[in-house]
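Each of the next two complexes has subunit A plus one other chain: subunit B in the first, subunit C in the second.
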Partner chain A sequence: MTDTAIEIREFLTVALRRPVEPDEDYFALGLADSLFALELVVFVEERFGIRIEVEDLELDNFRTAERIAALVAGKHGGPAAGDETGAGRAARG
Partner chain B sequence: MPPAASGARPAGPDAPRPAGAPGLPAAVPDVPAAVPDVSVVDAAADLAAAVREDAGRWDERGALPDEAVRAVAAAGLLAPDLPARHGGAGATPVQLGEAVAHLGGVCGALRALLTVQGMTAAALLRWGSAAQRERWLPALASGERLAGFAATEREAGSALAEVGTRIEDDGEQLVVTGAKRWVTFGQSADLLLVLGRTAAGPTAVLVEGDRAGIGREPVAGQLGLRAARIAHLTFDRVRVPRENLVAPAGAGLTHTAAVALDHGRFTVAWGCVGMAEACLADAVEHAVRRVQGGVPLAEHQLVRSLLARSAVDAAAARALAERAAQARAGSPLGAVTETVAAKYAAAGAAKAVADRAVQVLGSAGCEPGGRPGRFYRDAKVMEIIEGSPQLAELHLADRLLRRAVRR
Partner chain C sequence: MVTTSPGGAPAPLAVRAAAWHLPEHRVPVGELAEREGLDRERRTVLAGLGIDTVAVDTGLGATAMAERACRGALARAGVAAQDLGALVVVESRAPETLISSEVTRLQARLGADRALAFGVGGLGCVSLGPALLAARGLLAADPDLHHVLVAHASTPATPGRYRHPVTVNGDAGQALLLARTGPVRILDLVQETNGAHWDLFRVDYRDRPWEQWREECRDLPGYSFRLAVETRNRLAALLAGLLKRHGLDRADVAGYASQNLSAGGLRFLEESLDVELLPECRENLARYGHLGPNDVLLNLWTALANRRLAEGDRVVLVNVSPVAAWNLLLVEIGPWESTA
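Let's turn to the complex of A and B:
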């Protein structure tokens, strides 16, 4: 498991208050609500300095910690992130 | 209604004017990082002062007049937090909040207009395609298009993922079929953000108001927000181009709705701050002026108790709304929990302070067209919309429990 996947798994485990395996489909478990979905996007953007585009919103990209890590890895190979929509800003504090 | 003020106020180092109430004695010094832009906040203050005497009549007649809508647009208040390149004023969350508090303190329908426009603009800013942003955001900021957020259905209220409205692809276009309820400004909105489901899952689609097949049933006589042109809408095989789809099916609905509702909770919270401060001001004024049995009401200790409790409620609501604004300034979408807390507290404060204001005013508080009585009704609606207190409590408790696990 990559460092990215480990961090994402840690976030999911705390947010969902239950251990989440790297390849576990936590959406299918019914553990996520809409505010959690938004929180997850903000966490990934701010922690890894990327911007989640609307095209990335395919559920498959977010289904498991490993899939999210793969999305992040793909973004890090791509163009720089951040614009006036406030996405991709560095984490506060 | 008088024309909207130009906003040409003499520039000066003045601190932002609070939304109008005595409140607690200068409790919180202005935070340097969060001084509102005079133009947006003062434009709202001027407009609020200009329409203050009209709002009761609008409520009685059940509709915000077109000239009031135009005045809000002319004052640049429809989506002032949009970046300048999309036609907005780039207002910070604090500026937006202060502006909404001014309008919310005189008229719930004016506040509702800003709320729905802001929700739709926020959702498109975050999840709209580049083409959608270019096309629709300037139109929303200028008022060329008025937004409606068509989410609620008979079987889908707080559980929006259960919407039954269908978005089907007929090979050339999208076909929207369903029935939506309680659409704020649904009587006249000409850009509807509709939550529905495609064969691949739930998402959101933009439907222009002039598309064939849209039915609008005005709602009248509801508990509150009577001038907010609320309507139940039907979509009978309404055809829109494929490019009107806002986000991919599956995550599209949750993410679009979450951004819209997060923004809505923020402006509802600040509107409630304005309502609480206005009701407190009305109660204080009446308590000082009204003489019974030879003494002003304000000489009665029990009346003073009502005023003191209201002052604390209003100040607490403002403090939490400011906290949410400052959190949003650092991370626009990363302040969901602070915003939930602000909306929860401010709606509760608006309800409690309006209730006590009507109590202090007595029969005068029950008069038709009066502000405290109108806000007493509106405040209950504010408590329900954009997430009920029960949902807020579940959310807030869940975050507390996470923190406990983390330690």
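Let's turn to the complex of A and C:
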């Protein structure tokens, strides 16, 4: 598991108040509401220095910690997650 | 003083008088008959919506509720129904009969014989927006037209009132008498839609008796996630553009009001826009439930009656519909006498 996925999993575990596995679909489990969605997206944007646009909002991008990490990696322009200390943060200024 | 873009200010539009018919009969959410048929999860969500009671019409019907509100607004303004230039009805989500006209039915009951009468709709709560745009256009286009009455009666489309996991629908009639001047000036209105969500919530009806009509969500995770985040992005951009167009910033806005869906929905909007909603939103939510397109101005009028706002204050009203549509109104409070 990448560093990014680990951080996201930690966030999910706190936000959903239960342990979340890296590949666990918490939407399918009925654990997510709109407030949680907002918190999740704000967390991902602020922590990894990216902007989630409407076209990124396919649920499949957010179903699991691993998939969010892949989205973050894609936003940073590379296939691997976990290097968020570089371009993403620089982009935030 | 509002500074507008080089294109100039939108044509003048103001609410000269407003009135609501709010049924006195209110049913505690815990006593709704449909609650018995809900599973444990749905009961938990229902109990956490921030709605204590819902306003329930005990027999008037939609047109009569709208008529009562219309008569109230006309009386407050001292305007006769025969002198109305136009009557715009925000149509019901599920009219009592098909083919017939809710609009001309209300026109006949009011005696607004000379009014240009038509209906608007299709955008759920946001259908208030097209009604106001139509009124503004009519007032701008015809100098001999002085008053447009916008009316709506909100009542559930189905036998049940609970829309899982969103809200509980109440009953109410609303009437807004619009003119070029009035105590609440509508400075601007911005609106966007995304048809990708057109049937996110729907009621199938052609193959079943009315008792079996249900509001169904096609994609609950999609509602809770994609539409939620899209709503944040859309509203934030619309608000920034609206304020910029008038040379305003956040500090120039005295308050925000939204429609009343749930306590979580109100908190979601507050976090999305980084604002605090007027407390009347939560109070009316708890008291009446969701009243569709009637919520935002009822909340504003309640705040005015509570003297929470003063002359010169600007307020942003937020309406969102899962069809999906987003609408912001920028209003300015003028000299105020309570007409609520």
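The rule we apply is simple: the second predicted complex is superposed on the first by the 77 of 93 C-alpha atoms of A that agree within 3 Å, B and C clash if a C-alpha of one lies under 4 Å from a C-alpha of the other, contacts with A are read in each partner's own complex, and residues count from 1 in each chain.
FYI, contacts are C-beta pairs under 8 Å (C-beta built on N, C-alpha and C of every residue); 3 or more make two chains touch, one makes a residue touch a chain.
Owing to the predicted nature of the structure, the values given are computational and were not obtained by experimental measurement.
J.: Does the superposition put A:55 against subunit B (first), subunit C (second), both, or neither?
T.: first
J.: With both complexes superposed on chain A, which partner does A:6 reach: first (subunit B), second (subunit C), both or neither?
T.: The answer is neither, since A:6 touches no partner chain.
J.: Using the touch definition from the top, say if A:14 reaches subunit B (first), subunit C (second), both or neither.
T.: After superposition on chain A, A:14 lies in contact with subunit B alone.
J.: With the two complexes superposed on chain A, say which partner A:29 touches: subunit B (first), subunit C (second), both, or neither.
T.: In the superposed model, A:29 contacts neither subunit B nor subunit C.
J.: Between subunit B and subunit C, whom does A:38 touch in the aligned arrangement: first, second, both, or neither?
T.: Touch status of A:38: both partners.
J.: If you stack the two complexes on chain A, which partner ends up touching A:46: first (subunit B), second (subunit C), both, or neither?
T.: first
J.: Shared contact residues on subunit A for subunit B and subunit C?
T.: Touching subunit B and subunit C on subunit A: residues 33-35, 37-39, 41-42, 54, 57-59, 62.
J.: Could you please specify the touching residues of subunit A with respect to subunit B in the complex?
T.: 14-15, 17, 33-35, 37-39, 41-42, 46, 54-55, 57-59, 62, 84-87, 89, 92
J.: With touch defined as at the start, can you tell me which subunit A residues reach subunit C in the complex?
T.: 27-28, 30, 32-39, 41-42, 52-54, 57-59, 62
J.: Using the touch definition from the top, list the residues of subunit B that touch subunit A in their complex.
T.: Counting only subunit B, the residues touching subunit A are 83, 85, 125-129, 160-161, 201, 246-248, 250-255, 257-259, 261-262, 330-334, 336, 340, 395, 398, 401-402, 405-406.
J.: Which residues of subunit C touch subunit A in their complex?
T.: Against subunit A, subunit C makes touches at 41, 165, 220-230, 232-234, 264-265, 267-268, 271-272.
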